[in-house]
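Chain naming follows the written order as A, B, C and D, and within any one chain the residues start at number 1.
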Amino acid sequence: DLPLVLIAGPCVLESRAHALEVSAALKEMSVKLGIGLIYKTSFDKANRTSANAERGLGLKEALPIFAEIRETTGMPVLTDVHLPEQCAMAAEAVDVLQIPAFLCRQTDLLVAAAETGRVVNVKKGQFLAPWDMANVVAKLDAAGNGNVMLTERGASFGYNTLVTDYRGLPVMARTGCPIVFDATHSVQQPGGLGGRSGGQREFVPVLARAAAAVGVAAIFAETHPDPDKAPSDGPNMVPLKALPAMVEDWMAFDALAKARRLVV
Amino acid sequence: DLPLVLIAGPCVLESRAHALEVSAALKEMSVKLGIGLIYKTSFDKANRTSANAERGLGLKEALPIFAEIRETTGMPVLTDVHLPEQCAMAAEAVDVLQIPAFLCRQTDLLVAAAETGRVVNVKKGQFLAPWDMANVVAKLDAAGNGNVMLTERGASFGYNTLVTDYRGLPVMARTGCPIVFDATHSVQQPGGLGGRSGGQREFVPVLARAAAAVGVAAIFAETHPDPDKAPSDGPNMVPLKALPAMVEDWMAFDALAKARRLVV
Amino acid sequence: DLPLVLIAGPCVLESRAHALEVSAALKEMSVKLGIGLIYKTSFDKANRTSANAERGLGLKEALPIFAEIRETTGMPVLTDVHLPEQCAMAAEAVDVLQIPAFLCRQTDLLVAAAETGRVVNVKKGQFLAPWDMANVVAKLDAAGNGNVMLTERGASFGYNTLVTDYRGLPVMARTGCPIVFDATHSVQQPGGLGGRSGGQREFVPVLARAAAAVGVAAIFAETHPDPDKAPSDGPNMVPLKALPAMVEDWMAFDALAKARRLVV
Amino acid sequence: DLPLVLIAGPCVLESRAHALEVSAALKEMSVKLGIGLIYKTSFDKANRTSANAERGLGLKEALPIFAEIRETTGMPVLTDVHLPEQCAMAAEAVDVLQIPAFLCRQTDLLVAAAETGRVVNVKKGQFLAPWDMANVVAKLDAAGNGNVMLTERGASFGYNTLVTDYRGLPVMARTGCPIVFDATHSVQQPGGLGGRSGGQREFVPVLARAAAAVGVAAIFAETHPDPDKAPSDGPNMVPLKALPAMVEDWMAFDALAKARRLVV
């Protein structure tokens, strides 16, 4: 029952300058609040709604920037991988490989990620029941990697809408893996704006607080200095300035939750 | 931002003796924990899955017992009504009239309940969006009653399953009504056992705690000295002995939530 | 495997003149197309989204008009009932008592309808699985009435949306009851327009044809000379002029379906 | 409005002998019934529920067998691809590249498939609304390939369950692409058997007939000489012997549907 960790960063790596600015600001916040922070950033948005949408710098250009963030800030870095061949390369510069929700059952990707020995964070597919994630953990285990985190990010609920089922948190915790609550994608409205996804940023504090109260190892929250100008996930990212008050709130509920542990 | 209230009691009024025993135990608990308590009990289970299922004592036999509970314990009493003509009669002996979820859009029932002047607690239909409840509140308002509470008890999610959408709590709170979280029926599995409904009692503490953290006026939790022998809702009722520890937990999260109010 | 029957009429009984005009037009259509027709009309819209919405003439005023429609056209009449005490009275003037979807588990209403000896048509609740309707049939059976029809009208699918699960048709048919497909309410968007429900009239021909192909006893389609001016269900009613071509289409698919019976 | 095409074959390429036997039987059936047939087979099951599940022969071993099936039977061959680098290789030996539902938004895979110039069949993700597939078609179009088919295979409906929304067929048809109905995966119960997926084979004739009635370009139905012994999708595959009667049924409904075209 370690204290809550925060996984935060902008949705996508926009540029070296942007990444260094945001990561420095997050480092400062993490020190001030006394919370462990993993810096999240994507080198590629491989499944955008539209082909015209921006995708990111690509893995090769991103690797030295990932390394620089780690060195400058001392924070671990998490990035998502989309193809088996990206895993080994990404693993050189990051601490956590994240498997996107749509890809959470792609055996080759899971195995390649597992074989790097890095921590693997798998997002539960919007189409999966919480108990189905035990099969995903078993795949990673069979590939020799037991350092697995599982992330809740909403389940399909009709069209263009997700719902968070909090029963899923203790159900997934039965695997023994640390559980992450992704507050950013849980409030996404997939395809909700026609050619791109919408989001309900105003519910990030609500859903994340509920997750902290139920008890999670980490909260994942994407953030940006100016979300409405961000190339992706703007409607559901939290403004950088608004984040510290939220994190304090989550830490307060986390402390209470871990003092009064729920066993289900 | 008043402190959390508990609405508790056995699902159905089984007998005078049973009701007096359970209400006395709940009264004692409420004093010990320092929480306001509304005693919940049903004189009729009007929509059981099966026609053979027990239904309760009926309104006429129940009224004097309701009155006796009020007198003996000093606690307000809540009961659910199913037909317009029951409202005035029930209002003589209870403090809160509850509208069942399936009936939350039946105009005549809402109007009859409103006209008693009693507090009306409407359960959100499993088939309704949270924002649709504003229309229900407007119906009651038009009938001259502004003392309305709204209760979240889960939304249909595929077959024989409900899911709780915590965005619904602040959405319904925009009506200005106190919001209740029904921890018992939110873990119901409607029709899940073929001829009767199933339930997942083990998730009551999880979902209720999340609701307390988000911020609610009251938590509704049915309880029974021996739920597995109860005539209805046994699989989702909490044993009377297990309730005090849960309530203490909810009070702790309520206190924190009300000290750090979320505005959405 | 009798040929397809049509249940049609305007959503609500607007006036004697309106009812006689529409029922005469439908009678003419039924003769021309050679299809049996049951005239559907409501004396009360008891669960409108908003309290300000029109409700209909009421049972007392409606009864002589129901009788007149029966006499003038020779067609059987169907109406929906909302309270137990309406059943016996309505049964004097109509052939089929319909139980609304929200009320499909209200035991007293089911029993009162059953006891009239009239055919009872129960709409499956949006919150029920198809197999759960066997319990409803058993309730009616226990009350001594085996003349039961079951109607599919969509299941809750996220918020403000319904989906039709065609597996439900053969599943409900296992009860031995004739199955009706309600093409009007299956394309409803409950609460979809804020203070009232929306609808997708354009999908009526699609969903009804699929139902005819799978095999049903009857199709239910509300119709109106000018749906956009109708007091309720306008967005999902079919214009009276457009109905004959649709019915011909459904009859063609029905004939093929009944020549090639599916057994599931 | 060309006549219905059948896409059929066993879920996975088990061996050369097995493939030649099944494809010969299907060829014979297609000639006897007068229906165009595309032979479906997978060289790899890349997203099995469990890591222990069998996966198939792999692309290299499969390619000469694909070529042999084409030559022996004259039938076009369809296979699914999971990674961008498989597309060009698979395109040498098959006529249609299929994009699995989980991967329907992976831009690199879509582009690589498009660039082969082969027909691309994209399965709609269980997590997508039908109108969201227009964005997928635009991605393929931008990559220079307009030969696109879209396949309906069910939408997430609660846990471990899918539902087919027939409104999706005309909605997807607005893209101008031929629409395929996948009768096999629409009756899948994802993860429904714990370590593997379940299925409801008995509903294949129901759902496929409804699709033919609404109007589709092709029906996709996996088949196997002995489904209960098949390495994957056994519970939802149709026995080879039972297929011809079903196909005749679908052809009858297709002929009627295309004689009476629905425009939505």
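Here are some notes:
The rule we apply is simple: contacts are C-beta pairs under 8 Å (C-beta built on N, C-alpha and C of every residue); 3 or more make two chains touch, one makes a residue touch a chain.
As the structure is a prediction and not an experimental result, all values here were calculated from the model.
The chain pair from A-D, B-C or A-C that repeats the B-D interface, sharing more than half of its contact pairs by residue number, is A-C. In terms of C-beta pairs in contact, C-D outnumbers the other of A-C and C-D. Spacing of subunit A relative to subunit D, judged by their CA centroids, is 33 angstrom.
Look at where the CA atoms of subunit C average out and do the same for subunit D: the two points lie 36 Å apart. Averaged Cα coordinates give subunit A a centre that lies 48 Å from the centre of subunit C. Shared contact sites, meaning residues of subunit A that touch two or more other chains, fall at 155, 157, 159.
If each chain is drawn as a node and touching chains are joined, the picture has every node linked to every other. The residues of subunit B lying in touch with subunit C in their complex are 46-52, 55, 82-84, 102-103, 105-108, 111, 125-129, 131-132, 135, 138-139, 142-143, 155-156, 159-160, 190-191, 195.
Of all residues in subunit D, those touching subunit C in their complex are 155, 157, 163-167, 169-170, 200, 202-203, 205-207, 209-214, 249, 252-253, 256-257, 260, 262, 264. Subunit B makes touch with subunit D in their complex at residues 157-159, 161, 163.
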